[in-house]
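There are two complexes below, and they share chain A, which is joined by chain B in the first and by chain C in the second.
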Partner chain A sequence: MEESNKNSSKSERLEVLKTYKMYIDGKFPRTESARYYQPMVNGLSLGNVCLASRKDVRNAVVAARSAQAAWARRTAYNRAQILYRIGEMLEGRSQQFLDELVRQGVDKETAEKQVAESIDRLIYYAGWCDKYQQLFSSVNPVASSHFNFSTLEPVGVVFTVASRTCPLLGLVSLIAPVIASGNTCVVLASETCPLSAITFAEVLATSDVPGGVVNILTGRIEELTEHFSRHLDVNAIACDRLDSEVNTKIKEFAAENIKRVKTYHQDWSTDAAASPYFIQDFCEVKTTWHPIEQITESGASY
Partner chain B sequence: MTRKNSKWDLSPAPEGTGHISLKEHYGVFINGEFQTPDHGNRFQSINPATGEVLAEITESSSQEVEQAVAAARAAYDGEWSKMGGRERGKYLYRLARMVQERSREFAVIESLDGGKPIRESRDVDVPLAAAHLFYYAGWADKLNYAFPNRIPRAIGVAGQVIPWNFPLLMAAWKIAPALATGNTVVLKPAETTSLTALKLAELIQEAGFPPGVVNIVTGHGDVGAAIVNHEDVDKVAFTGSTEVGKLIQKSIAGTNKRCTLELGGKAANIVFDDAAIDQAVEGIVNGIYFNQGHVCCAGSRLFVQESIHDELIEKLKHRMGTLIVGDPLDKNTDVGAINSQQQLSTIEQYIEVGKQEGAEFYQTDCDLPSDGFWCRPTLFTDVAQSNRIAQEEIFGPVLAVQTFRTVAEVIKKANNTPYGLSAGVWTDKGSKIFNMTSQMKAGVVWANTYNLFDPTSPFGGFKESGFGREGGLHGLSAYLDF
Partner chain C sequence: MDQPRTPMVFKSPVIDQVGVVERAKRFTSRSIKSEAKMRGLEMVLSMIDLTTLEGMDTEGKVKQLCYKAQHLHDSIEGLPNVAAVCVYPNYVGLAKRSLAGSGIKVASVATAFPSGNSSLEIKLADVSMAVSEGADEIDMVISRGRFHRGDYNFVFDEIAAVKAACGEARLKTILETGELGTLDKVRLASDIAISAGADFIKTSTGKIQPAATMPVTLVMLEAIRDHFQKTGLMVGMKPAGGISKSKLALHYLIMVKETLGDDWLDPKWFRFGASSLANDVLMQIAKQQTGAYQAANYFAID
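Let's turn to the complex of A and B:
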């Protein structure tokens, strides 16, 4: 850069800094609280990042709830294509994610791997959208004249506390399985490395993901724990290895409306960090009984 | 002639009690033996239909819980977790067979102790309990086929707390999958209905299970809490009220215990104008008056499409008038005794609340026995969505009726509850059935039927009705680590 500037006859160009905002209901608002924090990496500030408030959590949950039924009603094929599309968009912007990971203190080689793996993970879960149902559903041979079957349905709105240390791959690895089945989510980005999450929101915004399906907040877990884990319109919480005190607090508050809490201690770079069981973790089993008329004892014959 | 208030003139047909054997006092079942603790604390288990004392039950102390968990741990670390699945399964098969062999005894004791009609304990509770044991017995050596690309392994010691509405059946629902997957068990039956669980312990002993694989401690809520919070319990399974479920979820928040909760419900039973009305009436009756309404998945909110409301309610009242309320041991009885004085008071309070809130009250005028705890089949019409009887679980024979005009309206009303255990839909139109069943936020949905259960059929709730499933392949994962 410096070299090329020297050679150029033009005056040095001033870099345009990016404003990191949150992502709620398909839009990029600043926090309603107008507060900010400055995550530091190696003594350098990453910039002014929104410090989400209780009201932001509530707004995001409202957006997620409003979007949920329509997202779940989409065909599995359509959700698959949209997840694939997220992967496509991420691929096209991989350089930006690479640069940002490095800025957030990830070494270049690891960053390259993580960006590639994040793209592949989206493609992986895109493929599951129209397959997990067949894997986890059942027709149950009840001892009466009924057609009885169990299928999976999305649990609803999932609050997702993303990995602190794996800002892109950890984020993608939880969002993808959560939304694959028709859930919507509110994600709290890594407090120390929030840039990847915000830039990922830009990918989502250009990937045919309906507004409100994924909402991304930045801020402090300690400040927001009570607000999301007591929120009565959140059905489930996905946590990535928080310290045990915060975890306990989340689980205690979650009991107020029997939220399902899943805590992961995954190294997201391994193969074991991706499976349809992550989709199943945020689904409910619904069993349906339907009578079968018995007119004749002879049964069908060929 | 109107048969509305006429009595079916049936001779009494009581099931005999001569062939059952009950001890005067039951100790706790720990490490394969019945033990009577030195502290001597006991409480009485009564017949809710007569008030007569059936037996004295041990009020366990923390000492017995301690011993039971230690026995379960020793059994887990010892023989049970190392035993092959095929052998484990054979123990469960044996137990299932023994329950079948002694089904009459179990049915009579269940009706004596809990107040439910013998027709239900004989035809539902006991056969389903045996079927559940038989079903999971077969899974024990097939677990590797159940979870593709995963290696299942047992969790350890399961602490299980069960309710009083289906005492033996709930014990089987808890014990069967736990043992099939290689865990060991500490189970606490509800204080008003401990007897069939203790009789089951006798069978477990007789079947020759290794000591400590199943341990049964009796007592009140604090005993259940001691089990749930015991640090050497790895897995908690609870069936009961949402209120207690929340306490449990909170109390184990700081641990790594696995947990499944099967909690309360306030199910919507929805009847469209194109339904077969007489069948729907049968389903409504079965939905709310089965087991005196002591059913977490009871169809306690009836939604009737406006155009058939009057006709349906008239038929329903007529059908209610034919229900025989009385001696649980009589084979003609449809509605038995309320399980306890405490539960009767709760139900009566809700009936008062319903009247005060302005809903229209209707009750059949059948005679009730002079002793024991009884409630006539009860109906409230003109119920508002905001009424407490439409929102809170009553756990008694009280039906709250609302009306609706459109599909969209009834979906909204039916789902507008923190609960999500079950739902019912009555219509002649297939596509409407599947629209409704897919829109209901409930774990079990019955279409043109109600209150059916099967060991192969996963059961459990959405939302505040709990999490995890019991029954079927899906019921296995609650007892496995991967």
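Let's turn to the complex of A and C:
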């Protein structure tokens, strides 16, 4: 209270407060339900934030699904360029992220570290886009005249429940490996610290990421659990450390169409929190048999 | 001009475009309760003319479509069949055999569809071919070029001649509203078609954008209403092209009910020309029954 008084005496003009909206299909809509909540940090409100509804989840999944095929069809090299671009844009706006992290109750030093690490993590996964395939794919020995090879393909639409406690780095660490392989995702931002997620959406919107590849919702996990985990068009779920009750519920609902559910308990600021295995988590292995013509005694002619 | 212009004998009321657009928008804000929604969705299914009108159509494609018409989604019990299957004249015989005993009608486009640019003899031959193969319904196109020239009597005579060639088959007259330009012309063309003996008036071929829109359909429905009030004779309506979501289809039903009344809420008097609408309706019905949002890959490709 005291601080805001100080501010108003400093400048004559009235501060324009930002409306924090969600990010669906490359646009920034308000929630369809017109509901809002006010996350509080140290007794101060962070602002009016959209409380996503069942229909917002549905709309976001529709957007993610329709963007998925085209995103996966892009060359790995191009996806790398775009991930790198997100990193560049984040770098340019690092001060804004710093300020917001501090507003959300993160101390300044940690905030600086988190912003820097988030940028580095994007660059890290940008590098992996056209390399994880070589690492995880294989040519398999078989007892007939076939080439037999296994490669990774994206699972499709991944619903991502972002870290509650690590609003920016946790978010980036979950999104980047998911989209690196050609998945699209719907992200439910941290309920208590949603500002970084929304501002990150603004970065995405200006980084050549096609609309619908990343969709960001804000709201309460308890309200939405059933809707996203039972949704047949969601192929996998990535969660960061949830209450075991919510986690069990997600797994039960996900069993209906055998969704893949990955729960992470990482400290996102460690080196172990970045690895190509996070990309592999949301890929499935496709094996192809390709006949080889047997011409000579010594084997194939090529 | 090679031919003297015929005098204007049709007097159609002037259309208030702003009013029509506003009125059409109102139909989209009705609250539909879930029980009514279910009945509405089933009604939509029973009114669909499942359509394939591609240059690349094959016998296999037509057979597949006819199978789909009779088995929309076998895992949901008690679903109605669609009203008709709509194909090119050379596939009428095949469609007729594939649908034998199902009660599903076979509709055929004719009269040099989609442009309608040919001689009357050829158009009539086209119609006779479809009728002799067993078509229950004929979808003709009007001569838009002549219409724009002001040869309204030519357009009238052509429709009347085709109607005579149809015999027992019901005639749907496609106005191709996307090429007519104004709502006044849509109304005039509707009046000409109705008075020339069309059993149905239809918005579009599906080959021209914009296809069916709610304002255009409303103008046509009002032409049908005025004709009914004057003569006591019912004429059917078929919006076609661009209706691919169940929600929009329900809005159309509301518009029909509020403009023409319950008598028209019957496959005999109202149809949707669509190919992808059926799957969306099926997904909505499955969602209502199971509570889980559906994914397109659990439904038949058509």
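The rule is simple: the second predicted complex is superposed on the first by the 286 of 302 C-alpha atoms of A that agree within 3 Å, B and C clash if a C-alpha of one lies under 4 Å from a C-alpha of the other, contacts with A are read in each partner's own complex, and residues count from 1 in each chain.
In this section, contacts are C-beta pairs under 8 Å (C-beta built on N, C-alpha and C of every residue); 3 or more make two chains touch, one makes a residue touch a chain.
The structure presented is a predicted model; accordingly, all values stated were derived computationally and were not measured.
Colleague: Identify the partner contact of A:94: answer first if only chain B is touched, second if only chain C is, both if each is, neither if none is.
Modeller: After superposition on chain A, A:94 lies in contact with neither partner.
Colleague: On the superposed three-chain arrangement, identify whether chain B or chain C touches more chain A residues.
Modeller: Residues of chain A touched, chain B against chain C: more for B.
Colleague: In the superposed arrangement, does A:227 touch chain B (first), chain C (second), both or neither?
Modeller: Second partner only, chain C.
Colleague: A:81 in the overlay: touching chain B, chain C, both, or neither? Say first, second, both or neither.
Modeller: neither
Colleague: Given the touch rule stated above, what does A:256 touch, chain B (first), chain C (second), both, or neither?
Modeller: Touch partners of A:256: chain B and chain C.
Colleague: For A:277 in the superposed arrangement: first (chain B), second (chain C), both or neither?
Modeller: first
Colleague: Please work out whether A:58 is in contact with chain B alone, chain C alone, both, or neither, and reply first, second, both or neither.
Modeller: Second partner only.
Colleague: On chain A, which stretch or stretches are contacted by chain B in one complex as well as by chain C in the other?
Modeller: 256-257
Colleague: Sort out for me which residues of chain B touch chain A in the complex.
Modeller: Residues 131, 148-150, 242, 245-247, 249-250, 253-254, 261, 263, 418, 433, 437-438, 442-449, 452, 454, 456-460, 462-467, 469, 472-474, 482.
Colleague: Within the complex, which stretch of chain A touches chain C?
Modeller: Listed in rising order, the residues of chain A that touch chain C are 58, 61, 65, 227, 230-233, 256-257.
Colleague: Spell out the residues on chain C that touch chain A in their complex, using ranges where they run on.
Modeller: 291-296, 298
Colleague: State the interface residues of chain A toward chain B in the complex, per the touch definition above.
Modeller: Interface residues on the chain A side: 135, 138, 140-144, 146, 148, 150, 153, 155, 235, 244, 248-252, 254-258, 260, 275, 277, 284-291.
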